[in-house]
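I have a structure I would like to understand better, so I am pasting it below and will then ask my questions one at a time.
When the chains are written out, they are named A, B, C and D in that same order, and each has its own residue count from 1.
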């Protein structure tokens, strides 16, 4: 799986996000590999209605459908067409108990929960909460173009082993600094089930071409 | 102005929010009074595209168009069709400096900023930051059905006077516990320019009928 | 081990805290059981200098000795005579990565880290970060007088098993609602190494008498 | 007034903080100028008992004397001998309503509240809440050695004018980058009642000599 986090990048807003989602859809159709996007909240419905890609929220709040002005309600994210949500991204860190609550709330409304973690030990901690997916991303490499799979292969392996110890079968992605098809290939060889990436694709000259190469690296 | 905050109420999600927005639109058309809605982020575009009412975000994050995974980017909210945003709602309180940043960022992207405040003194503090609107809501009355305009008329007057002292001409709304047209009438008589309300309308049996009565109370 | 969290209770400030610490010291001397206190930050040195009990901070910030105005620096807590710190109390919840940082920083300055957890799964998550101690406290029982050891014995057992699976040998305390020596006896019988308590002792008529009974229940 | 914020600097912990407080005491005795310190919480009592200088907390939490594990209770800070507290330092920013609560709670327990602000407008906002003192510090100059009084004299004047408009007579300090007696002299000439400083003194080779010069610049 390749999940493209559009963050708050200007290239990923509105039509820009729609175009990136279409690039992902095309690359997916040509390769059979699962490619998804995590756009701004306001763009979830736009993309989910027009493009056949799995759409993730970048975050949901672990609140109930009640007051909570300003919160991102899991139900509303699901209603808009998302299939999952990031949880605890390093740019949106959550309290431990809130991660647990997010995973439960996501499950309740049938959203896939993908918990982001910043070290092998923290990956094991997240695994204890039984999310649907984990994405290990050393925060110091995020946005650098220095790929986690190449710069920290042993850390990825550690994360995989620790997660396996606590929750065998729980799929682990990796992320941070991933910009080439080769980075993806190495990530899969290490045992991950895919990658979480952002600027590498969002700010690429030819996002479609790059996604296609990355998807081919998965087959 | 009557602004309906849909919060995370189940009645206000997706089609529910769309219906409430249409109720507001109809009441507005019949009376000429400005009625708006503040839906979940994911519903902003849906409503803004299909209904002719001013749409407000319930919150924006004072961040730039860059990384910031999980943040609500002012640009994306504007792109989705919103005309404004709540800032510092009592269920989404912000640091003082962040309120200032939100007001500036909102202005930059042409969103009207409506700062919520919880006491007359805090209303004056907010006025010093020159938002476009202030809504004074005593938090202890929110959701109670006991209206601020009737239970705390002197506090509303204090808020108005203090805001006027610092920023003459800055329009002030009031909110909390407003459930009837009479509450709205009293609020206007006190000198406010309108009301911010939520459950009173969202959970009403006949939201359209109530909004119409409230709008008529404004004329 | 019996650790008395003085929280912000008025009975535990200054001289009050000193007296409670002396009660713990006396009960410890008579029974050989380890009794400690977690007072307000400003009282750590006062108690550590005058009373022979282990003193814990109620929290430390995972920051370095640099700017960080307003933070509770682990080094300063150690310098004042504390031997340990609570981490992630349910009234002071921390981000997952911050818990990890607190444990590391505490270790660095030779403070014992006691991570508080609110469910069996969250206890296992905490165990993955290898703190020195875990205290499992269902938040809904805190301050109720309904003891976790009696009301939720199976949850305590679950927590113990899950922690053991990830970190064999890591001592687990339990807390919430503990007010009698019998509660302590049951907690130990379940396999915990002690209890974390607060109002039950701090607001007791005869804290010394109660602590003595509780300590005897440990022998 | 000259207030030295010891932050989390290693030079200001324990004995280090005590020594700096004694330096301030000596400089105060020789000049008649009021010099104070804001140490780590754990050092408040140590310094207040042994040195005749006004001691400020770096922060207090706006909570009541009840549960609230990990909070800094205003009552306990007062009990330890502090005379005041910083509120909303740029390294410990608070929600607008929390600033209001801190000011009230501080007043209740007879602590002087000194609210830190980061722009002229935010200074006026803070003034609306009627604290005892305001310290205007442009965050981008903090710790730089480039003094606010010299680099931004017009911003200091703006802050003074805006505060005066809302709360005539409310004393304003300034801070950020202040490292020399000349910086202090300029700050006073602009109309401030003193300075808030930190690294400039804490990390000086001869803190006493520098404080003495600065105090003399006030006379």
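One rule holds in what follows: a contact is a pair of C-beta atoms (placed from the backbone, for glycine too) under 8 Å apart; a residue touches a chain by one contact, two chains touch by 3 or more.
This is a predicted model, so every value here is computed, not measured.
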Chain whose mean Cα position lies farthest from chain A: D
Between chain C and chain D, centroid-to-centroid distance (C-alpha), Å: 33
Whole-Å gap between the CA centroids of chain B and chain C: 44
Chain B-chain D separation of Cα centroids, rounded to whole Å: 37
Contacts with 2+ other chains: residues of chain B: 90
Every chain pair meeting the contact rule: A-B, A-C, B-D, C-D
Interface residues, chain A side, partner chain B - complex: 5, 7-10, 13-14, 38, 40-46, 58-59, 63-73, 75-77, 79-80, 86, 89-92, 142-143, 198-199
In the complex, chain D residues that touch chain B: 88, 90, 93-100, 117-119, 121-122, 124-130, 162, 165-166
